[in-house]
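What follows is chain A paired twice: with chain B in the first complex and chain C in the second.
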Partner chain A sequence: MVFEVVEWIIFYIGLGLTTLGALCDLFGSLGLLRFPNFYVRLHAATVGIIGGAVVPLIGVGLMSLCSSQLGVYRFAVATIFFLTAFVTMIVAPIGTHALAYASHRGRVVKVEPKVIDMLEKHRGGEK
Partner chain B sequence: MEKLLIYTLLLTLFVGGIVVAVSFNVFGGSPSGIIRSLALFYLENMYNVYAKTFWAASPEAVNAILWDYRGLDTIYETTVLYTALIGCLAIATGLEKKFRPKEPGLTIIVKAGTRIVVAIVILVSLVLAFRGYITPGGGFQGGVAFAIAPLLLIAAYSWRRLEELGFRLDKAVLLRSLGLAAIALIALAPYMLGGYILQNQFKPWIVFAGAPYTIWVFYIGGTLLFLNISEFFVVSMEFLMIFILLSIIYVGGEK
Partner chain C sequence: MKLSKIAVLTVILFIAYILLAGSVTAIDLLAAAIASLATSVIVADLLVRDVGKILDPKRIYYLVRYFIKYMFIIEPRAHIDVIKRIISPHMPINPGIVAIPYGVKTDYAILTIANSITNTPGTVTVDVDRDSKLLFVHWIDVKAVEPEECRRIISREFEENAEKIFD
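Showing the complex of A and B:
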């Protein structure tokens, strides 16, 4: 009985995480449309990836862990979800970081509007 | 801005309409309703341990078809890739490598992450290739997955670092040739022993006794394991050669 209640609680936590992921995707896409420049848009894209892919993957993993109709295979399914979430969590920030670093270093994208750019001195001046 | 909005809306409606149409079978029913007789033949005979006349000793249908039933087709595919690579190498002959004075690569964050991802990629590619006769995968898929590793290393570090690690062009050519020779040997060995080319298991109308499908307690699926490993080396090294050739800057070349 207690076990079943815990199972249902974990299931609803997973459902909540999945809903949160959908919301993060919405906000990420809104930011991608409305933010002023490339670097801030990258931030919105990362919100879409971490919030909109990693969080719902963990949520779906929790949900499949508590779906007893799947039998023993639910552990395999959940493991795949958690592994995918882990790999995505490592890869996505590295990708956006590499994009931002390379575009700033190679002077491809202007930082505009700009309050302060501490890295400009490091790469060697405006032009 | 308004034009963009209209285009976006139209595109969204178009894609959404296609999804709805497909899910309601507007373009005809889904093809999975009936199993056709050819598919039924493979499903019944591929891993039929009770009637071994047409079996391929592999529970993985795609691999069994690729290397056993339609083995020659895969051999020709490998030949096509081989010929294309010969063309690539021929273009690059006689050119001299030019090193950039300093190649620091990307930041330490990217390098640390790349190390983790490269380890995962190599592990997954080996699993795909070496277990391709049991689970979905195979030599070609494993080789293509492996080729991502040097590509990531080129992007995050530099081509010179890759060469220090041992991913060199001459080594790649050597391993590729060894893989091709192994495939040719495995294909021709049954013919020498009285069977037909690329024969895997015993057939009652021919002399060849068939490749063993177990070694001690390990299930190896006849020739499929060895063909997968050879194909893995061929494909991964060919893609490595392409990436190395694309990332080196060459100078000169007029001969």
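Showing the complex of A and C:
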């Protein structure tokens, strides 16, 4: 009895996390449309990485942990979700970093509007 | 020395394989053992420098504590901040690229700091200069220009934890 109650609570926590992820994705895409330039848009995309991918993956993992129709395999399914969340958390920022690095290095995008650009100054000092 | 690296890595990969496969028949155990051993022999030198660090319970404790704090305190705060900026009609952004010095030595620690900075909405690592030990960070709301001041606001917490976990 107690076990079932705990299972329901975990299930609904997972459901809540997944809903939160959907909201984060919505706000992230709004930000992608509204923000003025490439670099600022990257910040909106980051909302979609942790809030929009890692959090719902953990939520779905918790939900599958409590889905008794999956039998023993629910542990394997949940592990896959948690591992995917963990790997996404490590790998996704590397993609963001590569985009930002390449566009600044190749001067493809102007850093505009800006308050300060220390990297430009740093590079200028080197040459 | 190399053998202990391979052994530790094999055990970790073996556990991961069994958890992902979800069954413990003889053929699964055999496949897991062969696959994890072969992988460890190839990548042990690339991934592991010091075996003692993997097995150090203090470092694992700091890692778990940092992960929990990062997911439950730092991330929600940053998300709410950026989402407010997105939905606010005036769009109060004040972007720029600032330099942040770091003091850690190992690759894993630098990766942890850079990834933590990129993963929090509002700051994105653009470049790393390993000679002058500087990270260049695009910041959505530049509050300070001085490198030490930026370090205090953005990355001090990440750096302290990365140092405890990996250095």
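Here, the second predicted complex is superposed on the first by the 124 of 127 C-alpha atoms of A that agree within 3 Å, B and C clash if a C-alpha of one lies under 4 Å from a C-alpha of the other, contacts with A are read in each partner's own complex, and residues count from 1 in each chain.
Methods note: contacts are C-beta pairs under 8 Å (C-beta built on N, C-alpha and C of every residue); 3 or more make two chains touch, one makes a residue touch a chain.
Computed from a predicted structure; not experimentally measured.
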- Looking at the overlay, what does A:73 touch: chain B (first), chain C (second), both, or neither? second
- Task: Would you check which partner chain A:97 touches, where first means chain B only, second means chain C only, and both and neither mean what they say?
- Result: both
- Item | Partner chain in contact with A:87 - chain B first, chain C second, else both or neither | first
- Between chain B (first) and chain C (second), which, if any, makes contact with A:56: first, second, both or neither? neither
- Should A:44 be classified as contacting the first partner (chain B), the second (chain C), both, or neither? second
- Query: Which partner, chain B or chain C, is in contact with more residues of chain A?
  - Reply: C
- Looking at the overlay, what does A:114 touch: chain B (first), chain C (second), both, or neither? second
- Note on the structure: The intersection of the chain A residues contacting chain B with those contacting chain C is 90, 94, 97, 101
- Message: Give the list of chain C residues in touch with chain A in this complex.
- Response: 16, 19-23, 75, 79, 82-83, 85-87, 91, 93-99, 114-115, 118-127, 129, 132, 134, 136, 138, 140, 142, 145, 147
- Which residues of chain A touch chain C in their complex? 24, 27-28, 30-31, 34-37, 39-40, 42-44, 46-47, 49-51, 72-73, 75-77, 79-80, 83, 89-90, 92-94, 96-97, 100-101, 104-105, 111, 113-120, 122
- Item | Footprint of chain A on chain B - complex, ascending | 106-107, 109-110, 113-114, 116-117, 120, 155-156
- Item | Residues of chain A that touch chain B when the two form their complex | 87, 90-91, 94, 97-98, 101-102
